[in-house]
Each structure stands twice: as structure tokens, then as C-alpha cells.
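Next up: the structures, one after another.
Next come two complexes, and both contain subunit A; in the first it sits with subunit B, in the second with subunit C.
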Partner chain A sequence: MLQKLYDWVDERVDITPLWRDIADHEVPEHVNPAHHFSAFVYCFGGLTFFVTVIQILSGMFLTMYYVPDIENAWKSVYYLQREVAYGQIVRGMHHWGASLVIVMLFLHTLRVFFQGAYKKPRELNWVIGVLLFFVMLGLGFTGYLLPWDNKAYFATQVGLEIAAATPVIGDGIRTLLAGDPSIVGAQTLTRFFAIHVFFLPAALFGLMAFHFILIRKQGISGPL
Partner chain B sequence: MSDKKRVSRRQFLNYTLTGVGGFMAAGMLAPMVRFAIDPVLQKQEGGTMHSVISVDEITNEPQRVEWTVDQVDAWYESQVQKTAWVYNDENGDILALSPICTHLGCTVDWASNDQYPDQFYCPCHGGRYTKDGVNVKGTPPTAPLPVYEHEVKEGMLYLGDSKSRKGA
Partner chain C sequence: MHRGKGMKFVGDSRVTAEKKANLPKDYSEYPGRTEAFWPNFLLKEWLVGSVFLIGFLILTAAHPSPLEQQADPTNAGYIPLPDWYFLFLYQFLKYQYAGGEFIVLGAIVMPGLAFGALLLAPFLDRGPERRPTKRPIAVGLMLLGVFATFWLTYESVQHADYAHRAEKYGVNVEAVESEIDKSGPGWEVYEANCMSCHGEALQGQGNYPSLMDTEKSADEIKDIAQNGIGQMPAGIFNGSDEELQQLADFIKNAGSGGGGEGGSSEGESSEEGSSEDGESASGH
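== the complex of A and B ==
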């Protein structure tokens, strides 16, 4: 049945070469944990991607109930966690996944660093990786405010103060982020929500695509 | 490949990989899907009865009665206004009709159109109902106006949920 469906599409669109290009490539022996168990360090990048997928999915589902408004944000989070079936689990996935994705990113970075896998010709991909790291930190920072509880509020207060400590343009950056020179409030929450669900994910997808295309183009770095 | 039942190593690995991948994807998606479809699976609670009008005031002519109910909409609680057309029918029984047109949900009025002084009239598409709430053939509505559950206690009329009726 599936084979027939695939054949039907393939006959018309010729997708086999397309998907071969994406999926069908050999995993070098030194990267395969079945050959050398220590090769599990090569899994960190894939695990980062896996957790990112969980973040995207759970985040999409959370926005079905969440409202980015100071009157209702906390109430809607309370409702979705207490009253909606599996709310605690879906929110838990997003909450814990947010920390886990940073951990995985960090381990992936350490592996690339200590293996010297960032060296020529892969410098550009290292730079993209660092940008991805910043985007992830931005997602963590903006997402932290969204439940609109005390911890969220004061953590954001601190984060904005740090941003404001930038020489010369500090106050401008704070106002740009918070939507107001002195208040952390209604405009801050909507801005952080927009950044968290539209702007940064868009940047994330673009950078990830670039990151993966470069891996396929340059191949995995050779054995140590 | 002589034996058709034989599973090649490649096939076996494909099956295992698909199985494990599918299991992981299902484990990931199941809570999210259940979370998303929760409103569909929520039980509908029966509404409470509200005192709306003294029985003495009910006449043979439909009159508009309004009352408010407490509505809990997830994290938002509010008071919502309800309306009914109430009158005594020829047997002396109380009838409380919902004013929501069964065509597309506009609000009907009693005797608001001069041409049809003893019918309910919907201004949106000209839907009409006779006094007992039954839709007039040839006008847009396909079912009679819903009827409110009612009971009389200590001289007061209490109304509950409205129940839709089958098409005439």
C-alpha cells in the first residue's frame, strides 16, 4: 500500500534522487558507536536537533491555550497546566526541554571544540553554530517571561538591566526589548512573545538549514 | 531470496528502525494530541435553573424575558445575558422559546414585522415562526425554535438550558 503510494508519486515526480541526496549517505566508521563506543559523542548534535523538534512541537501546542497578555497570561498557564488533560506533561516537556537543549548544545560544542572539528574548511559552520547558540539563549530568555509569574518577572528585570549595561546604546536596547524605558509590563510581554514564537524560530530554522547543508557539503571531519 | 518468508537483514533493520522511530514519535505526540483535543472530550455540564419572572406576569402574548447566568470560559469568568420569549399557550401551559433563529443564529423578535403580526420574525433572512415556535414552511429556518427547560417554584418561573427540537 505505502509502496504503491510511493511508486505513484515517484513515477510522476521522481523523488528517489531527491531523498537519496538527503538521507542516503554512509556513516563513516569512526562516527559509528557500533564500531567505537566512544563515538557516542557524535550524537550530541543530533540530540540537540531532536530536543529542538520537541520544543517546536510542544510550543505549538502550548499556544493553543496560552495568552500573551498581563491579565490572562498567568491564568491561562495555570488553566492549561491544572485543567487540561496532559497539560502538565506538555508544559513539562517544553520547560525541561528548554534546559536540555542548552545542555545538548553545550556538549555538542565541546565535542567539536576538543576534536578540532571547527578547523578549515569548517570555520563557517562553527560561526553558524555559535549564532545558533545565541538564538537558543534568546529563546530561553524570552520564553522565561511568558508564564508571567514572580520568577519570570524579576528574571526579566535582571536580564533587561544586563542589556542596559551595554555602553552607549544600553538604554536603547532595553527600551527596544521591553517596549518601554522603565516599565516591564504589557508591552514587554507581547514583545517577548512575538520574539519567542516568530522572530527567533525563523532565525533558528534558517540557521539550522544552513548548518545541515554545510555538514552534507563538507562531510563529517575525519578521525582524530 | 529463494524463500519468500525470509526477511533480509536490510528489511529487518528497516522494520526495527521504523518501529522504534514510530514508538518514539507516538510517545512524543500522544500527550500533545490529547492536550489539543481536550475541549472536544470535556463533559458538558447541565446548567442551573434561574428565576426569571413571576408567573402572574405571564400573559397569552409572548413577552421578552432577560436574565444573566455566570459563565466560566476556561480562565475567564463572566456574566452572560440570556433571553427567552415566554407566554401561556392555549392549554395554560408555560412555553419559553429561545430567540436564536435555527437558520443561522440571528435573534428573532415577536411581531416585529407588520406583515406578520402573530409570528416570530428574523430580520436577517426573513425567517418566520408561528406562535408555538414552529418554523413556517418556505422560509429559511429548517427547525422550530429551541425550548427552554422550565419549572415553577413559589410563583416564580425558572429557566434552564434550551433544547433544540426536530425539524417540522
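== the complex of A and C ==
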């Protein structure tokens, strides 16, 4: 049955080469923890991806309840956490996942760095990786404001002041992010929401796609 | 790949009509114990992923994510604190030559150089050697950066009293969710005599303990209202004996309504509750 379905699609779309590109590749001995336990360091990239998937899924569920306006944002988070079945778990996964993804990124970066895996021909993928790191930090910064509690509000105020310290364009950056040259308020919350939910994830997906295509093209770096 | 004449297509499309077998590659000639990703290795990855997920879910179930009181821009005394992975930068800006009038140096120039170097690492460390011992400068600088980041984070955490913050800034679930009976006569007496200290929802504040779920009897409450207790002075209540009785009944019954399950699921607020109990106990 499944095979028939596959053949039906394959006849029309010719997906076999695509499927082979995605699924059929080798896992060399030196990256396989089944053969060398120390190869677990190669898991950090995959685990980063795994937590990213958790973030995306839990985030999608969060938006079913979250209301991005200053009157209701905090109340909606409170309601989700206290009244909604499994709301505590959904928010918990997104909250702890945000920390875990940074930890995993950090470990992955250190693995790549200390192994010198960024050397020719993988320079570009390193640069893409660091951009991914920046995007993740941006997601952390914008997401922190969304519950609209005191720690969110005041940390964002400090963060925006730091951004505003940039010479020449500082005030421009602040106004762009906060929606106002000095107030952190209704505009800031909606902008951070848009950045957190649309702009940065879009950048993240694009960069991740590039990252993975390059890994597949170049193969994993060889043993040291 | 088919070249030259004789290609066949599906309908008028560009999909070739020739059937190709969907065979996995043969890895037997690759060096070492190479394994096929699909499905062999993926199954193992799935296992690791499941264990990881279980650990992660235990973490989320054991530690409810914190939520402080709703943002209040007029709250002048609030000490801001970013999420832990920004603490290193936050701490860095507290040093004399990184913050204040040197903010451009501390917030832009130095982090810019550090992260810029990270971004451009492959173009700065260009030798062919991959082993850490063969590229001491790059590895040394990285270790220095990692050490500095850890150190700054540690310093920052040292100064932040998380338990105290949770107690002071956490949501008081009882106050938010209590369903106090404001229709009875007891509420009016409470409002007139006690509310200025013990709060609109009997939640207490600072040194004033919460009166929700009090374990004291109505008679004890009457006594405290008239004669004080601990730091609470005598003579605060003034009104008739009938009002005193109404007040005692009101306070006695206030916690039994909606706020009962209050502190059970939120870590912060239960901490808050217990510390207040401690304070009221020490008042004896």
C-alpha cells in the first residue's frame, strides 16, 4: 500500500533522487558514539536542532493563548499557566528549551572550534553558524519581554539602552525595535512579538537550511 | 544519466519515464566501520532523542517556569536582571571602564571585537592544522574568552539573590485569585481597619503577614485586632463588639474560598507563603 503510494508519487514527481539525497548518506566510524563513546560531541548539533524543533512546536501552541498587547499579555500567560490543561508544561517547555538551546549551541560551537572543523572548506558554514547563534540570542532577547512581567519590562529597558549606546545609529536601532525613541510600551511589545514570531524564525529557518545543505555537500569533517 | 536521443517523459512533463530502482548506496567499501544513516543510525539517534526528551520533560514538570508580577513601569525600585545567558555582558558593563561614560567601549567596541573575531575565526586562523595543540593562539584566545564569559556570569550570579527576588517579585497567587466575599459586613470592617497594611486581598506585604488561611481562631483574631501582636501595635481596631465579631469571622473564613489551592503549583509563590508564615510565627 505504502509502496504503491510511493510509486504513484514517484512516477509523477521523480522523488527517488530527492529521497536519496536526504536520507542516504554515510555515518563514518569516527562520529558514531556506538563505536567511540567520545563521539558524543558530534551529537550537540543534532540536539540543538532537536531543541529548536521543540521550541517551534511549543511556541506554536503558546500563540494559541498568548495575546500581544500590554493589557492582556501578562494575563494570558498567567491564565495559560494556571487554568489551561498542560499549559504549565507547554510554557515550561518553551521556557526551559530557550535556555537549553543556548547551552547546546555553546557546546556545538566549542566542538567545532576545538576540532578545527571550521577550516577549509568549511569556513562558510562556520560563519552561517555564528549568524545562527546571533539569531538565537535575538530570539532570547525578544522572547524575554513577551510575558510582560516586571523582569521582562525592566530587562528590555536596559537592553534597549545598551543598543542605543551604539554610535550614530544607536537611537535609530532603539526606535526601530521599541517603536519609540524613549518609551518601552505597547508598541514595543507588538514589535518584539512580530520579531520573535516572524522575523527571526524566518531568518533561523533560512540559515538552518543553508547550514544543513552545506554539511551534506561537504560531509562531516574527518577524524583528527 | 541518460544522454543523447531516446529520452522518454511522463506526459508532457520533464519527469523521466524510466524507472530507477530505489536502492541504498553500498557502504561496504568505505574506510572504517561506516554505517548507513537511514535507517540504522537514525534509529539509534531516535533512542538518544527519546532519553533526552524524557529528561527535558522531567525538568519542565519539576520546575514551573517563573512569572513575576505584571509589568509596572512606575515601579522605581525594581532591580533589572536579564536572562542568564546575557549576564556576562550585563556584568561587564558594571566595570568602570566598560560602563557609564565608557559604555561605547564596553557595550559596542569590545563585544564587537570579540564576536567579530568569532565570526571571522576561519579567516584569522588559516593554517592547515586542525589539532588544538598545533594552533595554540586560536585555542588560547578561545579558552580565554570562554573563561571570561564563565567568570563574568559567575560574578553576576553572585550578586543576584534569586531566592530573594522570587519572594519579592513573584506573583502572589492568593492575591490574584482569591475570591474574598466583599459583600458581607466583615469586609467593610476589614477595609476600614486592616486593609492599609494587610492588603486588598489579605495577601500582606513586606513585614505585614498574609491573613489568608490563618490558623488562628476567631477569638485570637479578635485579641490581635485589639491588642496587637509582635510589631503590630495595640488599638488598631476601633468599632463595636459586633463589628469585631464580624471582622474575626470574615478573616477566619477568607481563605477557605478560592485561594485554597493557591501555592500548590507555583514554586515562587509557595516560597513566598512559607516565608510569610515564618515571619508571623516569629512575631509571637
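Throughout what follows, the second predicted complex is superposed on the first by the 218 of 224 C-alpha atoms of A that agree within 3 Å, B and C clash if a C-alpha of one lies under 4 Å from a C-alpha of the other, contacts with A are read in each partner's own complex, and residues count from 1 in each chain.
Following the convention adopted for this analysis, a contact is a pair of C-beta atoms (placed from the backbone, for glycine too) under 8 Å apart; a residue touches a chain by one contact, two chains touch by 3 or more.
Just so it is clear, the structure is predicted and the values come from calculations on it, not from any experiment.
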Tell me which partner A:H108 touches in the superposition: subunit B (first), subunit C (second), both or neither.
neither
Would you sort A:I89 into first (subunit B), second (subunit C), both or neither based on which partner it touches?
both
Once the structures are superposed on A, label A:E11 by its partner contacts, choosing first (subunit B), second (subunit C), both or neither.
second
Touching A:H196, do we find subunit B (first), subunit C (second), both, or neither?
neither
Subunit A residues touched by each partner, larger count belonging to subunit B or subunit C:
C
Going by the contact rule set out at the top, does A:R174 touch subunit B (first), subunit C (second), both, or neither?
neither
Touching partner for A:L57 - first (subunit B), second (subunit C), both, neither:
first
Which partner does A:L100 contact after superposing on A: first (subunit B), second (subunit C), both, neither?
second
Partner chain(s) touched by A:Y78 [first = subunit B, second = subunit C, both, neither]:
both
Where on subunit A do subunit B and subunit C both make contact?
54, 75, 78, 89, 93
Across the complex, what residues on subunit A touch subunit B?
54, 57-58, 61, 64-65, 72, 75-76, 78-80, 83-87, 89-90, 93
Can you check the complex and tell me which residues of subunit A touch subunit C?
10-14, 16-17, 19-20, 23-30, 32, 34-35, 43, 46-47, 50-51, 54, 70, 74-75, 77-78, 81-82, 88-89, 91-100, 102, 110, 113-120, 122-123, 126-127, 130-131, 134, 137, 140-141, 144, 147-155, 157-159, 162, 165-167, 184-185, 221, 224
Interface residues, subunit C side, partner subunit A - complex:
10, 13, 15-16, 20, 22, 24-25, 27, 30-38, 40-41, 44-45, 48-49, 52-53, 56-57, 59-61, 63-73, 75, 78-86, 89-90, 93, 103-104, 107-108, 115, 118-123, 125-126, 128-132, 135, 139, 142, 146, 169, 171, 173, 176-177, 265-266
Could you pull out which subunit B residues touch subunit A in their complex?
28-29, 31-32, 34-36, 38, 41, 74-76
